[in-house]
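Down below are the structures I want you to see.
The two complexes that follow have chain A in common; it is paired with chain B in the first and with chain C in the second.
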Partner chain A sequence: MTKIGNHFFDIGYMDTLASGDSPLHRLDPRVKLITTLAFIVTVVSFDKYALSELIPFFIFPIFQISLGGLPTGYLLRKVLMISPFAALIAIFNPLMDREILLQIGSISVSGGWVSFFSILTRFLLTVTAALLLIAATGFNTVCTALARLGVPRPFVVQLMFLYRYIFVLTDEASRMVRAISLRSFHSGGMSFKTFVPMMGHLLLRTLDRAQRIHLAMLCRGFDGRICIVRSMKIGYNEVVFAIGWSVLFVILRCYNIPKMLGALVIGFFG
Partner chain B sequence: MSHHIVEVEDLHYNYPGGTVGLNGVSFRITHGESVALVGANGAGKSTLLLHLNGYLVATRGQVRIGDYPLTRKNLKIVRRSVGMVFQDPDDQLFMPTVFDDVAFGPLNLGLAEAEVELNVMQALETVGVPHLRERPPYKLSGGEKRSVAIATVLAMSPDILVMDEPSSSLDPKSRRRLIGLLKTFHHTKIIATHDLDMALDLCERTIVLHRGKLTADGPTLELFQDEDLLARSGLEKPLKMQGCPICGKKGEEQTPLPDSKTCSGNRLTG
Partner chain C sequence: MHMADALISPAVGGAMWAVTAGLIGYSSNKVKKELDDRKVPLMGVLGAFIFAAQMINFTIPATGSSGHLGGGMILAILLGPHAAFLTMASVLTIQALFFADGGLLALGCNIFNLGFFPCFVAYPFIYKKIVGDEPTQGRIMIGALIAAIVGLQIGAFCVVLQTFFSGISELPFGTFVLLMQPIHFGIGLVEGFATAAVVIFVWRARPEILSSAAMSMTIGGLSIRRVLIGLLATAIFTGVALSWFASTHPDGLEWSMFKTAGTEELEQPEHGVHASLAHIQEKTAFLPDYSFKTKTPEHEAEEQPSWPAVDPGTSLSGLVGSALTLFVALLIGLALRRRRGTKA
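On to the complex of A and B.
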């Protein structure tokens, strides 16, 4: 649990990154959000055996990291932490899909393995892009941007509250776990028998807190709308950023650049 | 117009389970008074406070704030004039940043953005934390959280301040600072607390609750000398008024407020 606790403190570190000042940080959050979405949609839209086509897309995260001066190692560690989920989804492909798709020398590669790596590459691209968005913008600012772009308020407010109270909740949970482990002398982790009531308690506490928060909101005139004052401005830089990248994504989507380069090289020597 | 008056008449409240919360409480607090609400755990302090802003509706009896009897219709006006500071600042600070949080009330009141900005900064300066404006609430210390929670209420310029255990979980220095701060406010104040020393410092009048009933209402110093009453209500003399641990001399009983200079030991306890 302490590990989970650390993990969440790490999320707090994202906010520290987001408070930085760089050309990337200064861009309007709405533009970054839209561009990232365009990026993710393009990456996801490829055929399931697409692999070489995806490689050029790494230019977007690399560009952002260098422009925003963001720590690559930290972000990669974060991506790795969630990678088991993607691997779990992809792992069945090599087993199910055994049709030979590629022949490299004497090694034959089945379609399953190609799609396995395709899924992992997409995962790497999309998750990195999402993390970069948050690292260079901040979760709350992304939420504000969502609201400005017309995403329904209840949805945005949910996200904001989630982010506000996840720290309180993990604090509470880790205190409970500490209390349990101090009084359970067998070392083998938490048993199911203690885990279930703990979750129940946590839920009840959360409901209580939700009620108190609602009361606090009512006391200050809450009437269903949450207003946030933020000035956002879309200028020349923003337009260039959004259009430039979107055009590039479309080009990369329509033309397989690595294949063309390959053909060019082979044509040149052959 | 007498906005700052709080009048409670024969207030009864039963919790849904049938537990008696309040059992016939009546008092009248006038403009500018500072009143401590003391009593053992479960005496009904918090229940009473929740009636003052209309969160709980009395089973019998009536609450009047200023010129209005508290009914569903004028709930909004009443909530505007009664500023409530909760026991757990985490319940009260629910917005992404300190600024947004303090601005929440004024924005809901429909103030213009420029005015809100002014309002917020004024409130933050009053409690001495203007430098925290961009910080997320979960990164603040306990004392800072409390200060910001008070600022969120001040920004709505209430007539009456209602506080639930404002000095709990503060370190001695933060507590002292809080007392100093509260002393500078000229609002009508109602402070529910177990910290009788703070009550002695801040409130000239005290209301004692015991099992949902009002057992005493009078000048703080007088009530706190009535050991019999205190014992019956599950309370104890404030440390300041107890014997000095070094010379054994009684404290405030012999030496009048505010400064007791009988011995250095008294300083220690005070």
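On to the complex of A and C.
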């Protein structure tokens, strides 16, 4: 599949996941959004050498994946695909910071490696949190949650329109790319000379399409205001979810549970 | 390829989010006030166009690598700065949510780096000034090139600043700058050429598009200085407010000093030139300890560092405990899945 085709499939698949039914899917989107943001901020607030403190935070994505019945393999693959960039920046840490920080038996680990793995762990946690938000909630629902939470209306409307027309335009663009590749003989990529007229034509078609859409909206009674109607309820489940997770995040931020657990176990056996 | 959450501290991320949120509010206000409601579907569809365009690569002749259109400049030319900023912000939001291209906390930084500079700085002050009201092929080419290069250079520099002030990555400032700026000069060159070529194509095919776009935009109402002052104030306020998030743990140098000499910092002499200069520095340094940290030496001596120190016992317990915790978390996950299975 071409790159465009892959992206098309990706967005569509996330949308399919979001339309599932599970206790997680049924929660109010505002609560899920706020809890995810709290999660990300807490994870990011650790200092650069925090590693064991970050491990308990995996319970949040694991909980969501299990409760929502979401595909772990698919999500992990997506995370892996973008990890090279973070790893590229993070790899400088072991090179720069060589002070010994850990000593396990005879192996000494430098601070740089600790912070390297800390960055990777943070990356894994924050990225899965963002992906799970969409996979369990759906983009349009997240947008309505944003509107309810006070994000300016023009921006939310823009997000919803963009989402709607991404499918249309990536379809059109992929058809054009396929047509060009079928009619060209050299196996390399597209040349600049071919790219410009193609992009120009795509842009012209886009502008015409926007015109047609506007006329269609006028025909259906558009008067400049967009109304977003969706019933959302904050119930018992939502309050328990939000408060429970927030309290857990605060506890995990303040106390290093793994170290306590480890000390307990070693004390027990040693 | 945008900034990731893993490399950002809450102070920097929060400050940039405050700035971006202010900009989104400001742009939304301006867009709402515009009486042209053709803009609503146009913004959405053009955003989708940019999204699709970013996926189409062309080969760059001399190098053998491929480039693609960024989009900020084309959006600004066709929509005007405010609408273009909102559109760019929406494209980046979808990239962050669906493709995890850039984290949610870093989204504020990314929208600022990739949206503010092309739309509010490069477009009005460079492109508009060069092209003016009478576009010609040459002027469009030069305007787009310079605007794209400058916009990307400033944006890339901001990425370096944000990563540096977060203090998570050890990449030294100088190296990072030397890495980022030349690369983004090349990217800016490619973007400028691609933007100019597409705009020239559209202008040749349908010149009325460019002229009607230029006419419907009121650049006069843009008071950039006030916006910039507001942004600076917001950033500083949020940075200070969120500094309590920052870690109280000593950094590498102070840690090693503590381990060798027993104190985090050298003893200051009580009298003399040293003392008076130190006194002055204390009073004038508004970012003490360099990166939003507000710790003092006494606090470090008392506080028990909660990460493993060079003490075999604690390191081992940290490892064992982490493995156990992960195992427990996975067990909980499995249990939940099985419960869901039997219920359904």
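FYI, the second predicted complex is superposed on the first by the 228 of 270 C-alpha atoms of A that agree within 3 Å, B and C clash if a C-alpha of one lies under 4 Å from a C-alpha of the other, contacts with A are read in each partner's own complex, and residues count from 1 in each chain.
As a convention for this text, contacts are C-beta pairs under 8 Å (C-beta built on N, C-alpha and C of every residue); 3 or more make two chains touch, one makes a residue touch a chain.
Only a predicted model underlies this, so the values are computations on that prediction, with no experimental measurement involved.
By the touch criterion defined above, A:195 reaches chain C but does not reach chain B. Legend: residue contacts after superposition of the two complexes on their common chain; A:221 is shown touching chain B, with no touch to chain C.
In the superposed model, A:168 lies in contact with both chain B and chain C. Contacts of A:76 after superposition: neither chain B nor chain C is touched. Residue contacts after overlaying the shared chain place A:140 against chain B, while chain C stays out of touching range.
By the touch criterion defined above, A:36 lies against chain C but remains apart from chain B after alignment on the C-alpha atoms of chain A. Touched residues of chain A were counted for both chain B and chain C, and C has more of them. When the two structures are aligned on the shared chain, A:12 is found in touch with chain B, with no touch to chain C. When the two complexes are superposed on chain A, the residues of chain A that touch both chain B and chain C are 160-161, 163-165, 168, 209, 213, 217, 222, 226.
Contact residues of chain B toward chain A in the complex are 50, 53, 55, 76, 79-80, 82-84, 86, 88, 90-92, 94-97, 100, 103-105, 107-109, 113, 116-117, 134, 136-139, 152-153, 156. Within the complex formed with chain B, the chain A residues making contact are 12, 15, 19, 140, 143, 160-161, 163-165, 167-168, 209, 212-213, 215-223, 225-229. For chain C in complex with chain A, the touching residues are 1, 4-10, 13-14, 24-25, 27-29, 31-32, 37-38, 40-49, 51-53, 55-61, 66, 69, 74, 78, 86-87, 89-91, 93-94, 96-101, 103-105, 163, 167-172, 175, 193-194, 197-198, 201-202, 205-206, 209, 245, 247, 249, 252, 255-256, 306-322, 324-326, 329-330, 332-334, 336-337, 340. Those residues of chain A lying in contact with chain C across their complex are 3-4, 7, 10-11, 14, 22, 36-37, 40-41, 43-53, 55-56, 58-59, 62-63, 65-67, 69, 78-79, 82, 85-86, 89-90, 92-93, 95-97, 99-105, 111-112, 114-115, 118-120, 122-123, 126-127, 129-131, 133-134, 139, 142, 151-155, 157-166, 168-170, 172-173, 177, 188-192, 194-200, 202-204, 206-207, 209-211, 213-214, 217, 222, 224, 226, 256-263, 265-266.
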